[in-house]
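Input: one structure, supplied below.
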Amino acid sequence: ENPLVWIAGPCVIESHDLTLRIAEFLKRTSEELNIPLIFKASFDKANRTSGKSFRGPGLESGLRTLATVKKELGLRVTTDIHEVDQVAAVAEVCDILQIPAFLARQTDLVLSAARTGRVVNVKKGQFMAPWDMKNVAAKMREENNPRLIFTERGSTFGYGNLVNDMRAIPWMQDIGFPVVFDATHSVQTPGSQGSSTGGDRRMVPYLAKAAVAAGCNAIFLETHPNPDKALSDGPNMISLDDLPKLIKTCLRIRDAVKPE
Amino acid sequence: ENPLVWIAGPCVIESHDLTLRIAEFLKRTSEELNIPLIFKASFDKANRTSGKSFRGPGLESGLRTLATVKKELGLRVTTDIHEVDQVAAVAEVCDILQIPAFLARQTDLVLSAARTGRVVNVKKGQFMAPWDMKNVAAKMREENNPRLIFTERGSTFGYGNLVNDMRAIPWMQDIGFPVVFDATHSVQTPGSQGSSTGGDRRMVPYLAKAAVAAGCNAIFLETHPNPDKALSDGPNMISLDDLPKLIKTCLRIRDAVKPE
Amino acid sequence: ENPLVWIAGPCVIESHDLTLRIAEFLKRTSEELNIPLIFKASFDKANRTSGKSFRGPGLESGLRTLATVKKELGLRVTTDIHEVDQVAAVAEVCDILQIPAFLARQTDLVLSAARTGRVVNVKKGQFMAPWDMKNVAAKMREENNPRLIFTERGSTFGYGNLVNDMRAIPWMQDIGFPVVFDATHSVQTPGSQGSSTGGDRRMVPYLAKAAVAAGCNAIFLETHPNPDKALSDGPNMISLDDLPKLIKTCLRIRDAVKPE
Amino acid sequence: ENPLVWIAGPCVIESHDLTLRIAEFLKRTSEELNIPLIFKASFDKANRTSGKSFRGPGLESGLRTLATVKKELGLRVTTDIHEVDQVAAVAEVCDILQIPAFLARQTDLVLSAARTGRVVNVKKGQFMAPWDMKNVAAKMREENNPRLIFTERGSTFGYGNLVNDMRAIPWMQDIGFPVVFDATHSVQTPGSQGSSTGGDRRMVPYLAKAAVAAGCNAIFLETHPNPDKALSDGPNMISLDDLPKLIKTCLRIRDAVKPE
């Protein structure tokens, strides 16, 4: 009871078929390891460093893919929303609405997500302190939606780097909501590759393990059959093949930190 | 020729009449000091720390006020946009469209602002390096709009504080566009007052003077007849009464750094 | 084999007797839990925020106490050095010479410590990147002393705060030396109490557990029978009573992350 | 009256003759521009990134050179001290004792410098907040030496970068002492060249001008006839040839910000 939850999937829906294949792998993995897993993929990468980067299939087509994952595989699904007029459509399909870190303080987006009654996962802005998230909680409360979760995905640390403060996990839990640790975007080095964002995939397991030890409620991970060929966030994603081993290690850590 | 430009006004349109009164003061000041001045006020504070804070009159009413300022006083006007569907209406009235720092990487917002042909003022995100702004420039270029300006408004510096790197001014100018220094939001201490953002008004003149010495092309300043009673950003705004003296000092510095 | 090492003790030698009592507790704990433990206490707090703070018994008297701990309890001992002329005397008693973070780049101090042939534990300066420590390694190499260990104790994060980048652990291990995680000084909020440094003791276990999960080789912890009455670093120390439970949890995590 | 003071010289005494030549140039410049100028050069670079870097002539020989500068040219001189046992000898020759930023919190060094009765210039540690310097002031007060000055030389900003918070100038002046702005070390990128520290000389004038506009009392600048061949801090120093123009611009800014 109170198990470690996993939110996983490719960064963006590259194609319907590839997305389904990844989801099948994750479904199988979740059953084999007996873990709750929510499937995540974006329909639109709305804040790519460069305007020329691949953005995804768009709202309508992307939701069709997510609906298929949900129906055919029985996985719960989540995706990120960027503007108020996307909220209703996304809420029809997705179990969790994810608000990107850059948009964590956009009041209308938070309120409209709250009004759907869905679980809302707000990523802490890279420019926010953990305790600032209590203001997001207040906005949710205005709409009587208590189904809020927070995600730690790094804080701005000089230029072109992020750092994860593991204290953010208990500090945000103090506000009264579960905390997800995003092990993928935390290793980004924003803008470091000129017109795209780099990262250091090798650090993903170190940070995921540390976050579980620090008591996070869930791990968010982007994954791909071949990260080096991924159309977005490749440098940060871990390969599907490496995922089960990391999950098993994290489950053992979770067990190790359980109150006696 | 090539004079220091001023972007000034209250943070938010608190009322039509108060906004007009401030604009009249600024118009008179700009004539007395012979400075180019663009009037700025927000119709909606879309990312207030708290959902309960005053947000402004909204798009339609706000634009009516800005149109009045423009028509009656002959001042150019600017305001900030938050979602794509506001862009067209704002572009009909405003000479400059301002993209907030948190939204500096929202591709659709930048592209739709670019398409209006108006000048677009993109504030550097608190989470971005100065050189990251070249990617914003590339997005503007996709829409063949070269009328881009950048604003420096501080970088995340630990929790609840911002720091201004004065090197950001020449570094962003290197990309090929003019740089505004926002002396108001640079002194914010985000979230420091619990459910609102604090600041240190006393630091505004120090930073404004330093930025002019470092060669910025324009100063952005929020001002109010009584900042302590202002409905947004009061702790950072300087009073109308103190403005002319600061402007005069900055003009002397501008003169002092002019290439011989 | 290759067990998690513990470096523990009070921040400063408050008195000979109290120090011995703490050492006895730690000796007993190390035997009960079967862990390698090195006893640490400072003879002089040479960089207190305020000049009026308690500094310790001084070199001679302090070394006598450490020698007693070593002889009577059979514990290995370590302490920190501040100036070159302390090095020889300390090396006669201590198994490990610790170089404080502020002094990590003082070449003469590092070289003179290296020349003793003792193990040298250099704390990464709060102003240094993990990879900068390779220059410390090169200085040790000049003196043909390969017995180097690094300590992560936080990076400057804005004013009055530190953050631990857990990636520093593998990054410093990449240089080729073991990495200690200092869970006590990492929770300091420098200067936050006006004329002394504050901290948040509650965060110690979260960070210690995260660091073990990230693969650190040792944990450094300051401890005291009554931290609220401690003469230095009280806000960061954990009480002796709470120590065994934390150690046990960390040992379970260590086990959980062991390569299969 | 109350003119802008200059502290200038090469980073390190590379040779007696070169140091004299630079001092002569500076003497002449100070007379031509009618500015108070204090000559600075280090006898030992005690915290070089690499142990193999050139360190200087050492204490005795270095002081002989500084004494010659003082006697033959009538310039006041300053240098930095690293350990307590250097203080007395340096105080015999130098008008100002400079405490390096890394050592700003070493109580014994500050107290022993204070006891000489000389002016003591303490550089704010890259890891300290401006207001932390009040504790240094308290240590000086213990020794009844009110002749304290502070130097701003940048704050740690992520890995391998520093940022100057221009607010540090008025904030440290609030403590009651004059503030020097170090335009040379502020542009360092610590460790960025592998085994030495890099920098961006082009930024020196921008920061110097900004600091004068923000009201600093003095500018510290390292200079060399051929910075690219300098044995320390070359990437940050400006060439002697470029110095007079920068000084003149700063004097005009100083004039521009003078209270009317």
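As written, the chains take the letters A, B, C and D, and residue 1 is the first residue of each chain.
The definition used in the following text is that contacts are C-beta pairs under 8 Å (C-beta built on N, C-alpha and C of every residue); 3 or more make two chains touch, one makes a residue touch a chain.
All of these numbers come straight from a predicted model, not from anything done at the bench.
> Between chain B and chain D, how many steps is the shortest route if every step has to go to a touching chain?
1
> Consider the two chain pairs A-C and C-D; indicate the one with the greater count of contacting C-beta pairs.
C-D
> Would you kindly state whether over half or under half of the residue numbers at the chain B/chain C interface are used by both copies, giving same or different?
Shared-number fraction above one half, so same.
> Measuring between Cα centroids, what's the chain most distant from chain D?
Greatest centre separation from chain D goes to chain A.
> Would you kindly tell me how far, in whole Å, the mean C-alpha position of chain D lies from that of chain C?
33
> So, what's the distance in Å between the C-alpha centres of chain C and chain B?
48
> CA centre of chain A versus CA centre of chain C: separation in Å?
36
> Scan chain D for residues touching two or more other chains and write them down.
Residue numbers touching two or more other chains: 155, 157, 159-160, 163.
> Could you draw the chains as nodes, link the ones that touch, and say if you get a line, ring, star, complete or other?
Basically all the chains touch each other, so complete.
> Flag every residue of chain C that touches chain B in the complex, lowest number first.
157-161, 163
> In their complex, what parts of chain C are in touch with chain A?
Touching chain A from chain C are residues 155, 157, 163-167, 169-170, 187, 200, 202-203, 206-207, 209-215, 249, 252-253, 255-257.
> Which residues of chain C touch chain D in their complex?
Interface residues on the chain C side: 46-52, 55, 82-85, 102-103, 105-108, 110-111, 125-132, 135, 138-139, 142, 155-156, 159-160, 190-191, 195.
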